[in-house]
Amino acid sequence: MPTVFIAMPLRRFTGGQATVQVPGATLREVVENLEVSFPGVKARLVDEDDPDKLPPGLSAIVDGEATVLGLRQPLEPDSEVHFLPAIAGGADAP
Amino acid sequence: MTQAPIAKAHVRCELNGQPVEFLADQHMSLLEALREVLDMTGTKEGCNDGNCGACTVTMDGRIVDSCLVLAPEADGRRLETIEGVAPPGGLHPLQQAFLEEAALQCGICTPGFLVAAKALLEREPAADEHRIRHWLAGNLCRCTGYDKIVRAVLRAEAEQPKPRARRSGTA
Amino acid sequence: MTSKTEPKRKFRVVGTRPIRHDGWDKVLGRAAYGADVKLPGLVHGAVLRSPHAHARIVKIDTAKAEKAPGVLAVMTAADMPVAASQVLDLGEEVTNATYASDRVMARAKAVYNGHPVAAVAAVDLNTALEALTLIDVVYEVLTPVVTIEQAMAPGAPLVHDDLVGDDIGERVEHTNVAEHIRYEVGDPEAGFAEASTIVELECRLSRAHQGYIEPQTATAFWSQDGKLTVWTSTQASFGQRDALAGVLMRPVSSIKVVPMEIGGGFGGKIGIYLEPLAAVLSRKCGRPVKLVMERRAVFDATGPAPGGIVRVKMGVDDKGLITAATADIRYGAGAYPGAQINPASVCVFASYRIANARVDGYDIVINLSKTSAYRAPGAPQATFATETVVDEICRRIGMDPAEFRLLNASKEGDRRVDGPAFPRIGNVEVVEAIKGSAHYRSKLGPASSPAKKRGRGMASGFWQGIGGKSTVTISVNNDGVVSLIEGSVDIGGTRASIAMQAAEVLGIAAEDVHPSVVDTDSIGHTDLTAGSRTTYATGAAAIKAAEQVVEEMKNRAALAWETDAGNVRFEDGVFSNAVAKGQRLTFKELSGKLGATGGQISTTGVVNLRGSGGGSFAAHLVDVEVDTETGKVEILRYTAAQDAGKAVHPAYVEGQMEGGAVQGIGWALNEEYVVGDDGVMQNASFLDYRMPTTLDVPTIETIIVEVPNERHPFGVRGIGETGIVPPMPAISNALRDALGVRLTELPMKPGRIMAALKAQAAS
Amino acid sequence: MHPFRYVAASSIDEAVAVLREHGARARCLAGGTDILVQLRGGRYELDALVDVKGVPEASAMRLGRAGLDIGAAVPCYRIYEDAKVAAAYPGIVDAASLIGGIQIQSRASLGGNLCNAAPSADGIGPLLVHDATVVIAGPTGTRTVPVDGFCTAPGSTVLDDDELVVSVHVPRPPTRFGAAYERFIPRNEMDIAIVGVASSLVLDRSGKRIESARIALASVAPTPIVASKAAASLIGEPPSEEAFRAAGEIAAGEASPIDDMRGTIDQRRDLVRVLTRRTLALAAQRASAGAAR
């Protein structure tokens, strides 16, 4: 089952756990299942206006590569998922 | 602020081998006149205060920062800009060397470097690396780290036609 | 010099050094940059800027300026739509639209010196400049927040009353700390307990400007039909279109951005500055309006790299293995959040395998212009601390700095501090390249006079880069030459590096690909020219488009030969029929037959690459000579090794490495923002900002290392940025070697070196 | 920029007439490398700019028995490209060859450097140690003043609004004279002196004692200054490292530097010590070499 690496701001939802194994064939399923175990975490991982998107500024790294499919990203049974701030290499804001 | 408008200066000069006559505000820089009045936009503005060399042109054979020359000062003078560096239909050996040595990246400083380097080659055809670096210290480049520019000037120097061998300026 | 690490596929075009396609225009002075735009009816504008770093705008009276002869339009923030405080997701950047709008023209408060407060369009530039003096602005001057310490002090004045900070997921109100992030792996405290040697340094970093020679420019024409066209020197034509749409509250499709040639960017020409102002002025006066920034404003009011304070602590065991490391990174973002603390945090320890690490990053707003990306944004400052700490550790434990780096190098499969594991990377290989260099094996030699001392220093660096979306269109002409249309603006030779990748696939010469960079209406979405992505990602799109061309041309050959497409082979630019000897057509010959086999071929390659493929590592070695009586530093010799994956055009790879190293030398020795308590930059000119001249740097010796990138068909890695990361610590390490003192503050200018020598003598 | 008239004067009288007409709102233009930057930066505004490059006295350079006359508008390159001048006036040539880059040297003049009156002026220190005087023209004719005292404050000089500098007179140096100018800049070109020191000395017949000496300092006071005590300390001393070091120490005391973006008080005093010693050593070397010829 996929392994989710929990970023620091979210570890208070997981009781400090840095990695958790969560079932799911897509990123969305993983997020839903995370929510079951760790209520409140979903709100940090899903855009409030668009349930298919990650919140602005957050990216999901699946097996070392950023997803371009948002929460629709399919996962392998042994996938590794990181939710990380989007790195705009060379980009700036605002 | 309210004063009678000042008449424009009437400037006659030689630009890249051709006689040119134009009107410019008396306070206008030669750089602005070249770019805005004469449509010679190859000369670039980088700082407008004489510290980057992007606007280098020659005036009576000497390199100057055209931002620090007033347009009316050009009256009666002989000017050369980047547009006058190449012979018709060809390239100056320096231009060819810049291309072959990858001596430019963004290219904004390139016209200034070429005009300055050409003046050096004409005065000191065997300048060594230190002299080239010294001569070009008034031209800033932020992309290349300078080395490829210096290599290009050395290459153009080495390849420049020997006197009498060939007409200079044809690559 | 290129160090090969393994046998690779044979390339015909990739790896050669053709003359770049846009070179002729650039050496002849014909290339049109932003300021060179000429349009019918064009008028000129000028911008009035706040002389105060922090001031409430009580009143702006533009009546006199509006009536001045020759003035066509005057604007203030009142002429801009009130952008909702929504989050703008601009693909590569996420920003608050209110801040994005406020940054380009102050509404209620000027929050940095040079903040635009009004703009004028007039018949000529001087008339516009003179009209600025007729605008009365009443300011209520507020106390500026200039330093990190001031910003974080209890009861500090607030740059933004409404800023809500994020402290590792917790909301914080009334703060100047926009964000505090943390990454943690393993147990740092336990790791330090295992260490036999621990070194900790606090480094202070200066703000540093990209220093592109071409100032920002923008020309806009807002037509009566609602269409806005903007000609500008930008690294991100699509990004600018989207940002303009957000700030002007217009549909993206009503805006066309035409990217002009760009006179250097280095990250500083991604965001919008003058574009919305030119647009609004144009709307008001009905004519195209051109704005060119003055050099002083470029320093005052565009985004340099952030300065800040970085503390790094590292422990090693008695074998020299790193047991733990922590970093505390505090960057001054300028007047709006976004100081690149995240890439800084990712990069700070990237060169090392560290099981126990913690990184804290703080994004802090202060009353200076908002910082922007600058070549490997965030990484050089943080890495300065890491690499100087590593050097101190090597000295304490008596280990060769290259050996230490090889022993502790991050490799494929090792995890970065933010979690993901590295794919195949060239970290070890670049250190080995330095170790094997003639420079490394050379003797330092005696100093040139008794007052001078010599030293040598080494440092590593990393930049991750990005992937992203690129579109390339290829059309085959009947003479065998192809035109290649791309959306990636070309700052340093990428027309060539992209065309060469297409040529490689097509089996034709680089010169037979004619690349053009076009506007946002003329090509599919293409992300910015930044993040070391252009040769990598747009190159991948070009390869894809070229492969489609080859496939389609195989079909055409099959048609011509009345054979099955499966029988057509394509090799070295020649199509041949596997089942009919003698049936062969060169690319050029077949191009001439396209009209009769279904018409000319055009293809489009679109990629959206999910990352850079591991990034590019570098190691640099530098020899310095210091005049101990004046503190002046001469760079005697400099060698840079970097992993390019596969160097498409080696001369331009060297050019990126050389340029990055020289920018780093400038940042190391002299470049800085000297800012007074009033928040005003005192050295805002090329004279006093002191970028290196030709006489200040030696030849930069380059070693291109090629560890193929598994995510690119040819193994290409983005290489534009890493080169600026190692120079500053390498020079600090060399100075430590020469003088026995550790310089921890940038720039390491003569006065600072002398002060350090005096402190050393006193102790 | 406030629009102004450009007047190309062809005689001193013509230049003075324009200056009289506009008072403080007119100035002279020589190389333009300072004044155009200042006008564009809004430091002040003018109604007229009088180009004096066409004034014969201002554009001539003459090396005669009495010394060297350098027209106020003579650009730097004409000074350092003249082999005779270079041999006779080494301190001045040092300065002329390092003001700005080559482009600036095509235009910038010592007269302009004087009138700009920057504390950091590279050209003024060497004129001071060469005992130069300034020839000033005004409505009532010409007057001559020493360079020492010509600048009165940053950007200010003894010139009246209707006066202009015509030329600088540098007396012919005595035998066994040597001079040198060095400045400290963080870059190697295109920079403003953090400190500049000009030194000159005359050796006695034996070449073993210093007969007279002059030292001038830039960027350590509101105007370039003469370090007279430091110079006096050298009289009768041998031209030795020790004497030069002692003079440097005294010169550091005569400096009254400030902290600014380019350097600190401490750094500047240290640099005065170092550069005084170095320029004196070079001046002594040049004096000996000259005597040997």
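Every chain is named by a letter (A, B, C and D) in the order it is written, and numbering of its residues begins at 1.
Convention: a contact is a pair of C-beta atoms (placed from the backbone, for glycine too) under 8 Å apart; a residue touches a chain by one contact, two chains touch by 3 or more.
Since the structure is predicted, the reported quantities are computational estimates derived from the model, not experimental observations.
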{"item": "Core chain by centroid distance, with centroids computed from Cα atoms only", "value": "C"}
{"item": "Between B-C and B-D, the pair joined by more C-beta contacts", "value": "B-C"}
{"item": "Separation of mean Cα positions, subunit C and subunit B [Å, integer]", "value": "29"}
{"item": "Distance from subunit D to subunit C - Cα centre to Cα centre, in angstrom", "value": "43"}
{"item": "Whole-Å separation of chain centres (CA-atom averages), subunit A against subunit D", "value": "69"}
{"item": "For subunit B, residues contacting two or more additional chains", "value": "25, 27, 48-49, 51, 134, 137-139"}
{"item": "Sequence positions of subunit D contacting 2 or more other chains", "value": "1-3, 41, 101, 188-190"}
{"item": "Residues within subunit C bordering two or more other chains", "value": "126, 130, 687, 692-693, 695"}
{"item": "Complete list of chain pairs which touch one another", "value": "A-C, B-C, B-D, C-D"}
{"item": "Subunit D contact footprint on subunit C (complex, rising order)", "value": "126, 129-130, 296, 629-632, 669-670, 674, 682-683, 687-688, 690, 692-693, 695-696, 749-751, 754-755"}
{"item": "Residue ranges of subunit B in contact with subunit C within the complex", "value": "1, 25, 27-28, 32, 35-36, 39-49, 51-52, 54, 81-83, 85-86, 91, 95, 98-102, 104-111, 114, 132-134, 136-150"}
{"item": "Contact footprint of subunit C on subunit A as seen in their complex", "value": "5, 7-10, 12, 18, 44, 56-57, 61, 64-68, 80, 82, 84-94"}
{"item": "In the complex, subunit D residues that touch subunit B", "value": "1-6, 8, 29, 31-33, 36-37, 39-41, 47, 49, 51, 53, 77, 100-104, 106-107, 188-190"}
{"item": "Contacting residues of subunit D [partner subunit C, same complex]", "value": "1-3, 41, 101, 184, 186-192, 194, 260-264, 266-267, 270-271, 274"}
